[in-house]
Amino acid sequence: MIAFCGIELSNPVINGSGTFDALAARRVFGEAFERDFPFSAYVSKTITLEPRAGNPPPRLWELGQGMINSIGLPNKGLARFIDEDLPEYATLPAPLIVSIMGFKPEELVTMLQLLDGRDEIAAIELNFSCPNVKTGNIVGSDPVESEAMMTELRPHSTKQLIAKLAPSTSRPDLVAAAAESAGADAISLINTLPGMAFAPGSKEPWLGAGSGGISGPAIRPVALGQVARVASTVRIPIVGMGGVENGRDAAALIDAGATLVAVGTENFRDPAAGNRIASELLQIRGDRVATV
Amino acid sequence: MIAFCGIELSNPVINGSGTFDALAARRVFGEAFERDFPFSAYVSKTITLEPRAGNPPPRLWELGQGMINSIGLPNKGLARFIDEDLPEYATLPAPLIVSIMGFKPEELVTMLQLLDGRDEIAAIELNFSCPNVKTGNIVGSDPVESEAMMTELRPHSTKQLIAKLAPSTSRPDLVAAAAESAGADAISLINTLPGMAFAPGSKEPWLGAGSGGISGPAIRPVALGQVARVASTVRIPIVGMGGVENGRDAAALIDAGATLVAVGTENFRDPAAGNRIASELLQIRGDRVATV
Amino acid sequence: MSDALGIERPQAPFGRRVAAVTARIEHGPYVSLTVRDSGGPRPIAGQFYMLQTVEDWGGGVDGRPYLPRALSFARVEQEGDGLLLDFLLEDVGPGTHRITELAVNDEMLIAGPFGNGFELNAASWPILVAGGIGLAPIVALDDEIRDLDGVRATIFVGMRTNEHASAAAHYGLEHELATEDGSSGVRGYVTELLAPLLSAKNADHVVYACGPPPMLEAVRSICAEHEISCQLAMESGMACGFGACFGCVVPTHDGYTRLCVDGPVLDGDKLDTALVAGAGH
Amino acid sequence: MSDALGIERPQAPFGRRVAAVTARIEHGPYVSLTVRDSGGPRPIAGQFYMLQTVEDWGGGVDGRPYLPRALSFARVEQEGDGLLLDFLLEDVGPGTHRITELAVNDEMLIAGPFGNGFELNAASWPILVAGGIGLAPIVALDDEIRDLDGVRATIFVGMRTNEHASAAAHYGLEHELATEDGSSGVRGYVTELLAPLLSAKNADHVVYACGPPPMLEAVRSICAEHEISCQLAMESGMACGFGACFGCVVPTHDGYTRLCVDGPVLDGDKLDTALVAGAGH
C-alpha cells in the first residue's frame, strides 16, 4: 500500500485528468471494467463552475510519438457534476480525485466550498495548467501567481489539494515550491505542452482552437526532467506524468522522485493500460514499490 | 533574395547554432561542401568569453522523433575564436552570424565590443536560451530579464542583434516583445526544450550532465506554436526552428510567421539537409518564397 | 442500448486483445482483412473497432501511426468459439497503410466493438446507401437484414471507378451502382440513385448511409427534404474510441457529441450538417 | 591527413547517397551486409559510415531509430566504377536490428567514409586484436596489410563463442582465436593471447585493436606496460559522424576529443582509459 495525501492506494498508478472517462467506460466495457478497474485512484476530467462545450473540432492531431489535443475542458459544470456524476463516481472501486479549474480565484473558492462537504471526494486536483483555455497555464508556470492562488484557496478547503503545474517554465522547482509553501499537499505534473500543427499543404492551423497541448511519449523526457527538478526541491509528494507507456517509464518517473505515476494518452491506445503498467512496475520493482 | 537584418540571402534556410561545424565539414567533405554550401547564412556554434570544455559524456540520447543533447557549449573562447576561426569563416560562401552567450551581462558587453569591428560578421545571435549551462535559459524565458539584458547590451554593438529565446515559457510573445522593445533586430526560436532520460534499467540519468535539451521533430509542434504566437506580437523578423526535416516543415514555420528557417538536428541525418530543404521549399512555394 | 429489433448493443471486453489475420484480399484500391477475434462479442452493424498492429506501429510519415485506428467491421462470422471479423480498408495514410500491409498470420491489437451501431427499424423498407469505403458497415447491415424474414433492403453503392466497385461485388451485395467515371453502372453520384426513389414515396422508408462527408450531407438533406428518417454512420478523428478523450466530437442539435460513444451512427435530424471539420481525407 | 604509408585520408562526398544491399550473410549472431556504393571514394581501414535505411527507419523501441548509425566497413572491393562495401553487424538495439533485417536490393542512405582510420606503420610488425563485432575494421586493416609486400600481421581474435567466431572464418582471417566459453580456440579473453607475445618483445610491434571498451582498455594498459604503441578503434554514441554535433567526445590528454573526426582510431598513449562512458552495450 502507498500512502498519498491521506489515502491508501494499492499501487502507484492512477490516471491523468481528462484521459479516462470512467462513467463512459463503465457503459462501454460493463462489469469487467469495474472488476479490473485500471487505476488505484481515479482522477476526474477537469470541472469548471459553469458548463463548457469545449473547443470546436477538430480537436486531435497525431504525432509520431504522441498527439496534440485542443479539447478545451468540456464539462457539465459543477452543479450537475455534483448532482449527476458524484453519486456515480462514488460507486467506483477506487478513491476519487476531482480536478477543478477556475477562471478567477473566486470561482475556485466557490467550487472548493461546494465540494468540501462531499465524502465521495478523497482529494482535489487544482488544474493550474490547461493550455486549451485562455489564461489556463499562467498560474501553473509562475511562482508568484501560483503562491498567490494557493494562498487564497487554501483556507476554503479541508480536502487534500494537489496543484497541477504547467510545463511551460524554466523553473518548475520554484513554481512547485511556491505552491508547497502556500499549502499545497501534493504537486502533479506535467500537463500537456503547448503546441500547434498545420494540416499538410494548408496554411491554416489544423486544430479548431488554433493550438493545443502535446501529450504522449514525445513529452516524456520533459516530464522526467521536471519531476526530477521539482523532487529535489519540495517535500510534498509528486504525481508524475507525461508519456508513460509501460512499467519502465513509470519506474523512471518514480526514480526521478514521483510517489504516484499518472497514465494519460496511453489509455487511448490500451484501455487497460493502468493495470498493465501497474503490474509491469511490480515486476520491475517487486516489493520495493510499496515502500517508495 | 530575402532581406534579413540588412543581409541579402539567397533563400530562407540557415542552420541552427551548434548543429553544423562548417570548419570541420570543410575538412571532411572538401571542395564539394564549399561548392554546395548548404545554408544561405551560416550561424556559428555559441562562443563564450572564456574557453569551455563542455559537459562530460555521454552527451547524446536518442528519441523516437529527435534527441536530447547535453553538449554544454564547448568552445575555444572568444580570443582564439577571433584569431583562429573568424578568418576561416570569412572564406565560407555565406554570410556569418556569430552566436554568443555570457554568464554575466559584462561578459556579453565585452564580447560585443570585441566583435563589433569585425567585418566578417553579418549579425550576432545572442543565445539567451541554452539549457545545458546553469542559468542558461532564464533570460530567454522571462520578459523582464530579457528586456533588461537587451537594454544593457544594445548600446555596445552596431551589429544586428538576434535574440534567441528559450521555449520554457508560457508567454514567448511577451519575452519576444520585451527583447524587441529593448532593441533586438530579430528573434530566433526555439532553442532545445529541457529534458532528461534514464538508461534502460538504470536509476541514474543517462546524460553526463544529468539533463539536456530536446531537439528534432519531437519539438516541432512546440516551435510552430511559439513562432506563431511571437509572430502575432512582434514586427521584427523571426528565425523559426525546431524539428524541421523537409520543405513542408519549413513552409509551415514560414506560414506561422518566420522569415528564415533554421535547420538543426536534421543536419545530423543528412549533411546536405540545408540544400535539400531549401529546394523542397522552393518547389512548394515557388516564387512566393522570395517575397515572404 | 437496444435497437428497435431488441438487439442489445454489445459490450466490449475491457482492454485490447490480439487478433491474427486469417485472410487478405485486394479489391482494386481497397483491401479486406479478416481477423480472428476469440475474445469479443458479436458486434452489430455500424459498430467499429480500434486497431493497431503488434509489430511496427509507427515509423511512417512523421513517425506515425501512434494512435490506434477506427475501423467499422464489414462482416462477422462465427468460427468455433470465436469470430471472424472482416474489415475493408482504404490506404489513405500511415495507419491504414500499415494495416493494409499485413499478411496472413500477422497480428493486430484490437479493442471493441465500440459505438452504437445502426438501429434497424424493420417496420420500414430499408434503403442502404454506401459511398466508397463507407461500404463496410453497409455490408454488415445488409447481412443483418438478410437474416430477418420478409425484409429486403434496396442498396445503392457509389464508387469512384469500376475498380473500387469490385469490393461491393466481393461481398455479394445486391445493389445498384453509380460510378463517378461511369466505368460501371450509372455515371454520377450515388445520391442521384437515391433521390428519385425518395421522391416517388411509394413506401415508408428509412435510409442508412455511410460514406464521405459530402455524400452523407447530400443524403441528409435529401432525406430532410422528403421527411424521411436517416441514420448516418459518420467519421471523425478518434484517439480512443471509448469516450475517454473527448476528441471525436461532432456538432449536433444537442451540442458537441462524442461520435465514438453516441455514434458513429447519428440520426440525420440531429444534425445541421454532416460535413464535419477534420473528418474524411 | 595522411598516414605513415602516405595513404591520404579519403574525403566523403558531401551529403548522403543511396546504396542498395547486394548480399546478406549470417554468421552466428552477426550479420554481414554488402552494399553497392557508386558515389564514394575507397575508404581506409578504421573509417566508418553513417547508415540508415530508406524505408521504415523508426517505429522500433520507443519509436527509434531516428539518427543514423555508425558502422565501420569490414571489406571494400572495386566493382566497375563503384565499390562494394561490406559491413559486419550485431543486432543490439533498434538501429542495428532494422539494418540487419534488410534483404538484398533493399536500400540504405549512407554518408561517409568518416573518421581518420588506422595509421598503418609498415616498419613495425603489426599485431591486430579484434574483440567481437570489433572484427570489422580489423578485417579491413588486414586486407590493406596483405596488399603490401613483405608485411604480415599477427591477428588475435576474441569471441564469446564458436558461433560468433564463424564471422572471422568467413572473412578468411588467419588468426589465433580465444573464446570466452572455450567452444573453440583458447578459452579466455583475447588479451591473454596478446600479453605473452608482447612480453616476449621479439620485435618492434604496433598493436591495432578494436573491440568492446573493457578489451580496449586491457589492450591499452598491456601496451602501456610494455611501452608498445597501440591504435585503438573506439566507439561512442554519435549523432552526425562529421563533427557537427560535438556529441561523440571522449576524454583524452588533449581534453574532450570528437571521436568522429579525430578518431575513431586514437593512440593509446593519448588516453587515461579506453573505458568511455556511454559506449558499448
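Chains here go by letter, A, B, C and D, matching the order in which they are written, and residues are numbered from 1 within each.
Here is the rule we go by: a contact is a pair of C-beta atoms (placed from the backbone, for glycine too) under 8 Å apart; a residue touches a chain by one contact, two chains touch by 3 or more.
None of these values were measured; they are calculated from a predicted model.
The greatest centre-to-centre gap from subunit D, using C-alpha centroids, is found for C.
Mean C-alpha positions place subunit B and subunit C at a centre distance of 49 Å. Work out the mean CA point of subunit C and of subunit D, and you get 55 Å between them. Rounded to a whole number, the gap between the C-alpha centres of subunit B and subunit D is 34 angstrom.
The residues of subunit C that reach two or more other chains are 58-59, 62-63, listed in rising order. In subunit A, the residues touching two or more other chains are 63-65, 217. Contacts between chains leave no pair untouched here, as each chain touches all the others.
The touching residues of subunit D, when paired with subunit A in their complex, are 58, 62-63. Put simply, subunit D touches subunit C in their complex at residues 56-60, 63. Contacts from subunit B toward subunit C in the complex involve residues 64-65, 217.
Residue ranges on subunit A touching subunit B, taken from their complex, read 61, 63-65, 68, 137-138, 141-142, 166, 168-171, 193-198, 200-201, 203, 205, 211, 214, 217-218, 221-222, 224-226, 228, 248, 252, 255-256. Those residues of subunit C that touch subunit A in the complex are listed here as 11-16, 52, 58-59, 62-68, 109, 111, 114, 236-240, 242-251, 255-256, 258, 261, 276-278.
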